[in-house]
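Report on the following structure.
Chain lettering (A, B, C, D and E) follows the sequence in which the chains are written, and residue indices restart at 1 in each chain.
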Amino acid sequence: MTILLKLIQGIGVGALSIAVGLLFIGIGRKITARIQRRYGPPPIQNFFDIFKLLSKRSISHGFAFDLGLIAGFSALLAAVVFLPMGQINIFPHNSSLIMIIYLMTMAYLGMAMGVSSSGNPNATIGIARALTMMMGYEVPFAAVIFSVYIFSRTGSLANIVAAQSGGFLNWNLVRLPFGFVAAEIALQGMLGEKPFDMTIAPSEIASGPMVEMGGKYLGFGMLQHSIGLFIETGIMVDLFLGGASNIWIFIAKQFVLYFAALMINAIMPRFRIEEGVSFMWKFPLLLGVVQALIVVL
Amino acid sequence: MLKYVKTLNSMGLKARPLGDWEFEVLTPKERVAETLSYLKGSGFETFIHLMCVDWIDDGEFELVYNVESYGEAIQALVKTRIPREKPSMMTMMNLWGLCQVYEREIHEFFGIKFEGNPNLEQFFLENWMDLPPLRKDFDTKEFSEELFGFKEDESHGIKAPERIEYK
Amino acid sequence: MNSNLIWLVALPLIGSAVAAIVVRYKFLDRLITFLTFATTLFVLFSVHVGQSYSWGLNFLGTTLNLTLNVSHLSIFMLYISIAFGTVLTFYSLIDHSRMKGFLLLLILAANNWIFMSNDMVGFFFAWELMGWASVVSVLGGREREKSRHAALYYMIMSVSGSYSMFFGIFTLWRLTGTFSISANIAYLSSIVGIHPWWVLGIVSLFFVTFMIKAGIFPFHTWVPLAYAYSPDAFTPFLSAVMSKYGIYGMLLFMPLSLMERGFPSAFGGVPWTNYIFVWIGVITAVLGTVLAIFQDDVKKLFAYSSLSNLGYVVAAIALFTPVGITAGIFHAFNHLLFKGTLFITLLAVISRSGTSKLSEMGGLWKKMPITFFTFFVGIASAAGIPPFNGFGSKWLIYQAMIKQHLPFATILLFLASTGAFMYLFKAFHSIFLGQLSHDYDRVKEVSAVGKITEFFLMFAMTFFGVQPGYILKPIGAIVKSMGLKPLPVMANGYVTGMFSNIYVPLISWSLAVSFTLGFILFFVSAKHKYVSQENNYTAGQIPEDWGLTPETYQFSWNFYQPVEKLFAPFFRIKIDGFFRGTGDWTKTIGSAIKEIFVGNAQMYAFFAIVGLIIFVIAGWMA
Amino acid sequence: MELRPLNVSSTNKRKRYELFIGPNHPGISGNFSYVLEMEGHKVADVTPDPGLLHRGFEKLMERRLWTQNLALVPRICVPEPDVNEVAYCMAIEHLAGIEVPKHAQYIRVMVLELARIASFLFGFGGVGGTTGLYTAPNWAIGDRDYILDLFEWLTGGRVYHIYQYPGGVKNDIPDGWLEKLSDLLDYLESRLPEYDNLIFRNPIIRDRLKKVGYLSAEDAIENGITGPNLRASGVNWDIRKTQPYLVYDELDFEVPITGNGDSYARALQRRLELEESIKILRQCIDQIPDGPYKVKIPNPFEFRVPAGSYYSKVESSRGEFGYYVVSNGDVKPYRVYIRGPSYSSGLYYAKKAMNGMRIEDVPVWIHMMDICPPDFDR
Amino acid sequence: MSQSQWSELVNYFRGRSMWMLHYCTGCGAIELPPVMTSRWDMERFGIIPMATPRQADILLITGYLSIKTLKRVVYTYDQMSTPKWVLGFGSCTINGGIYWDSYNVIDRLDKYIPVDIYIAGCMPRPEAIMDSFIKLREMVQKGEAKGYEKYTKNYEWYKANQDHVFGRSEPVLRKAEEVTKSA
């Protein structure tokens, strides 16, 4: 009975994350359009897109192509159930942050496997860039994570949230400000927003990994992106913004973070890949290391 | 400008001004390289274009090399005529590498062979087997009708528009 | 009663002798090797912790006691090494490389002896046997000239390690008058409070040997050469099992905790000697990763990867905390499993494609699907992705490091881990994904034997990933035997570190459900059709017009070119200075003793003389 | 210093692969294709593949009347069509000896300069599009549309105007147009600081554009690069100044020279010239004399241009746009040759410039050189 | 939900999200940036430019097609997945327009690929383009835009026409001997 309940809860959380992610992207498109002095699509445009993509025929380059994209979607779906979000916390004793990050890594591996089995060099260059960029942003993010770990004396997101209870001043945002800034920049890279969107640079490598994806494959890619967006902003809310007492506040906090990312996205061009990585290893890593030093000493 | 016209005339070439800032030089085919290298040596460093005119009534092709001097703001059009039968010309790639592309283009559109140019393959056109299209004896209208022709065809029911040929 | 211990050493020796006789008949040689491994494994089932066996040996008027002793660590190591060897020899029954079975059996004998020996003479002798047998094994690589060079280099490193250990043994013997390992360690821990520097010096002599064998920075230079140019069927053993001898040796000396008493703590309650050792591990991990990223030879790539993983292990065990030791041994085991698997699949790939250059392969997944999936599980494990086996140990290592408040080392390890993702995917892409060249149209999947092995290995990696408790339990016993408090681990994999808990099967369940959902969504969506790889996006240009072939539409050369610039300082020091320097050094030495090397007896004589000189000097100094 | 990984052996068989930039690729400007031979992330060799837009203009123009061709010429360079009309008309006027009234000449200058501004704004879009700063094209192309509106009012067409005519322009300036133009110039000037903040002061743009595709003055002259690209390399050469046509000699304007020769200099060059164009337009509004907007030419069916040949050229936003017109005294031109400014850079110099360039710099180079395929495909 | 209701729903969503291929085949492409960007903003209708044919639903033939481009357009069209629609821009796609007598520009697009909507004009104004998008949306939602089905049904006919243009193996005009003579 418990298992069934958890199963239903998990599926519900997955659906919620997809819906929220798609809505975020839709609102993001609208906001970006307004910055660009456009009217912009309706915020629910992404639901139309997903539906259309899943109902459009497509081509595949073989089973590895299919499996990779399914893995990309499913691994994130598996990761999202471990994320504590407000009062929804399906597995409260099992929310190790590193575990969630490694589960997400599986999604990237699956995605990478899928797109490079298509054998298109554009896609492969995109993947090479994505992995390089991953090395770029994970290092400062790791610095921040470990600072938070040592500071909160716990590695479980649920406990980190619990450690921040009791008002705004207890938030890690206030207590670990350098870490927050570093993580925020790393988040920009994680979300693949500019200036770190060299993975799918359309004008250079014709949208990189998505080159050979059409129809439902692209739909899976979009779903993956929306869950990824949900998890990544969710981790940030749990780490720094003190979690939330209920899911709506949680989503609102997530949106605040996404909104900041969007603003930067709208006015920034993209880095060259090595410039992006070295930027990540300069400013945010420095902040992360300073934060770690402060915490340790 | 006049000084160049004078010098070129004294070299035995026919030069005359065409406008405020351009003059033409008529040279025989053999002396083109000499003329161009003289011009390049005296400041005409930029190669503007190479083009061809098909004088079908005279049975000749006219090649026009256009070079420009930024220092003195004048332009020289070096013109030469070659026979239309089995046309060939020497390449000017050793003076301006840029000539490679222009010569390739002219070979494609007029069928003139440039000796010494390593790459005269098709460039703008693909799978072209007819007369070089910019020759005067190539009829583009006939070609177009033959290849894309509007055969009135019932499945679509669109009639070809009336065509007016001006004299 | 305890003669089974003797059999553990004797059986391989007998097998080796038989195999040496039939070495001309390849299959017979392989079969005997496999059978000996299997029998040894069978004998091992009768061995249990606490058994010991010793016999006296009259040597120059003194009596030498050769002792075999089975500890928790020994039996763990014995099981994993022999089990892996059995799988490997089973797989290589149908292999065509120039590996000699009798050498592998010699190494097995030495392997068992090393893990059980409780006296330094036996230990040293077994160590030497293992060293020489492996050096000769390396010689049989595909490229003769290069493998000769690699073997030479490996031999020099190995021999210098032996001298160091010999010197250490001799010194200890002069001090205590006994060769017993346990007695000597007890002696050392009794004097560590009085003469810390003395003890440090003696232990360093041993550690140099172990670091060389495990390929730890700065003694890592032989690793890529020996791994890359050894016979493809031998490399899995070299990487999976033989690198663990060094780890075993280190673990042997770790329980001393002699540094703790002799030296003040550095950060996070770690004695500064251990702290330095943690950093050596971290440097090895980062160095191995960075160098692996830019390799084009797949065996070299995974050689550096092994280096990096052993760096993790060393960093973890050097902490000498319960979590650290557990994580270290667990990672050593996981490394054995996934790296062994990866090298086994590489053996299949290389023997079929005929090249080990990444830029010359590609698209093989359609031809070798099972190998492809095995490799996929292997790199997923190596990258530490749940639910495969590498995840648990990496996670524990981070826990151990953070618990000691070592954030910087942890950050660097994390860097190595994301870097690992880069090179693993590069290898994965370049071998199996991408465009399939027409050269490989005739490539076939591995034989039935290979398929069985690959399924088994896939199963093992998933099993130990989902149920880490089965391996964490014996490790807990080892930790307990070292005098530390073992981690609370349940058989089903519920691990409690200090920082967070993790219930590994839960991840698997969640993945299973989500993959089911993913597949359902995939199949209810609109249909797809399969197209060939030639039908690809070419920006609208028609591929035939440009003479596009699979070879010219495959990107795998200089995969990470842009980041080369970032690591340029790294390369300038490592490659231009140290590496080229050692390379040249090897070349000169190599050419000088090439003649000696050809005649084995002379070479031994030469080294015997050198050894004697060192022996005399050592004796004089002591 | 070229850094080599450890085990690079020269015997490696498969280092190179092909990558197609265009025709169906967001990174190319128009329907054109570069086939890149890549080594890693770097370009090792380039093959331009033109002709995708080849319509045979030069052949078609021989078949049409002198004035009919005016409908054809603007289609040669789509983003800036007016230079074609003006250059073509200037060649006819020179051969036929027609004197264009001052009023018409001023109108021509205004049209040319407006088109130049429109083209430069398009170029800003190119900067943004290639580097991912999509706000820039959205703003710039939105602002460009105000210019197109003015064009529409003046000429009846948004993109193709077909407004010039041998001997003048087709119709006079409508009432209130000049005031509207003046307002527009004020607006554009007020927008410039925002573009500066968005594009030219952006550190990432600077990093991305600087040191990409460096072109020295000597190379630029040697390879026939003209226009803003030439000036960005430090050569002081502007046809409007050195060989003034129309009424440019009566107008007071500077020719900015950035001179660094890289892509950033090329972008900045266009930005600075935009300001000068606004200045020229302001002067035109003030100075434009009254008078006829055209001189009458004969019935097009009877309009015969005396035999002869002439090369007329106009400084376009990409460089020298030239028309070589040959007449044999007939109602139709005997031969017209069009020299597009992108010819040398796009088809010849690209091979040299892109060698060793990283893939992410290729679209940046293409757009900063302002390669416009229709003008060489013709 | 019955089959027809389901396909109505699908068509509704398809009409709300039509992605176009980023492919400027001719000069009509110059009016696409204004349509894409702030003044007209076609993203309002869910239309965004996509980089590769795999991702796209609409192929815009922005004006004349030279023979060389036609070959690539056909290749690209074949790479797109169904449902897919073609919009022909300007008079050039209808009857060759101003290039009716050119040797390198095709005269009628729908001989080679099926066209769902033609937009008249040279060049069509952005308003016309927007209008055509809305028309196409209505057609898609009513299930009328079935050009791709026509293409598969009459593939032989289209293929023959295509091969006639770019698959030719001998000169079109009978002056071939002169070519060989002059070469």
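The rule is short, and it goes like this: a contact is a pair of C-beta atoms (placed from the backbone, for glycine too) under 8 Å apart; a residue touches a chain by one contact, two chains touch by 3 or more.
Fair warning: this is a prediction, and the values are worked out from it, not measured in the lab.
Looking at the partners of chain D and chain E together, the chains they share are A, B, C.
Of all chains, the one whose Cα centroid sits at the greatest distance from that of chain D is C. At the centre of the protein atoms shown, by the Cα-centroid criterion, sits A.
Farthest from chain A, judged by the mean position of CA atoms in each chain, is B. Highest C-beta contact pair count among chain pairs: A-C. Taking the mean of the C-alpha atoms as each chain's centre, chain B and chain C sit 71 Å apart. The mean-CA centres of chain A and chain B are about 59 angstrom from one another, to the nearest whole unit. Chain A and chain E have Cα centroids lying 37 Å from one another. Within chain C, residues 535, 537, 539-541, 553-555, 559, 562, 565 each touch two or more of the remaining chains. Looking at chain A, residues 36-38, 55-59, 121-122, 125, 128, 202, 206-207, 211-212, 215, 272-273 sit in touch with two or more other chains. In chain D, the residues that touch at least two other chains are 17-18, 23-26, 38, 41, 51, 54, 56, 59-60, 63, 138-139, 142, 358. Chain pairs that touch one another: A-C, A-D, A-E, B-D, B-E, C-D, C-E, D-E. Note for the complex: chain C touches chain A at residues 267, 362-363, 365-366, 369, 372, 376, 379-380, 383-386, 391, 394-395, 398-399, 402, 405, 407-408, 410-411, 414-415, 418-419, 421-422, 425-426, 428-429, 433-436, 497, 499-503, 506-507, 510-511, 513-515, 517-519, 521-522, 525-531, 533, 535-537, 539, 550, 553-556, 559-560, 562-563, 565-566. Of all residues in chain B, only 85-87, 111, 113, 125-127, 129-133, 137-144, 146-150, 156, 158, 160-161, 163 touch chain E in the complex they form. Residues 23-26, 30-31, 51-56, 59-60, 63, 71-72, 75, 78-79, 122, 125, 137-139, 141-142, 144-145, 148, 158-160, 374 of chain D touch chain E in their complex. On the side of chain E, the complex with chain A involves touching residues 10, 13-14, 16-17, 22, 37-38, 41, 43-46, 50-57, 80-83.
Chain contact summary for the complex, chain E toward chain C: residues 23, 52-54, 71-73, 75-76, 79.
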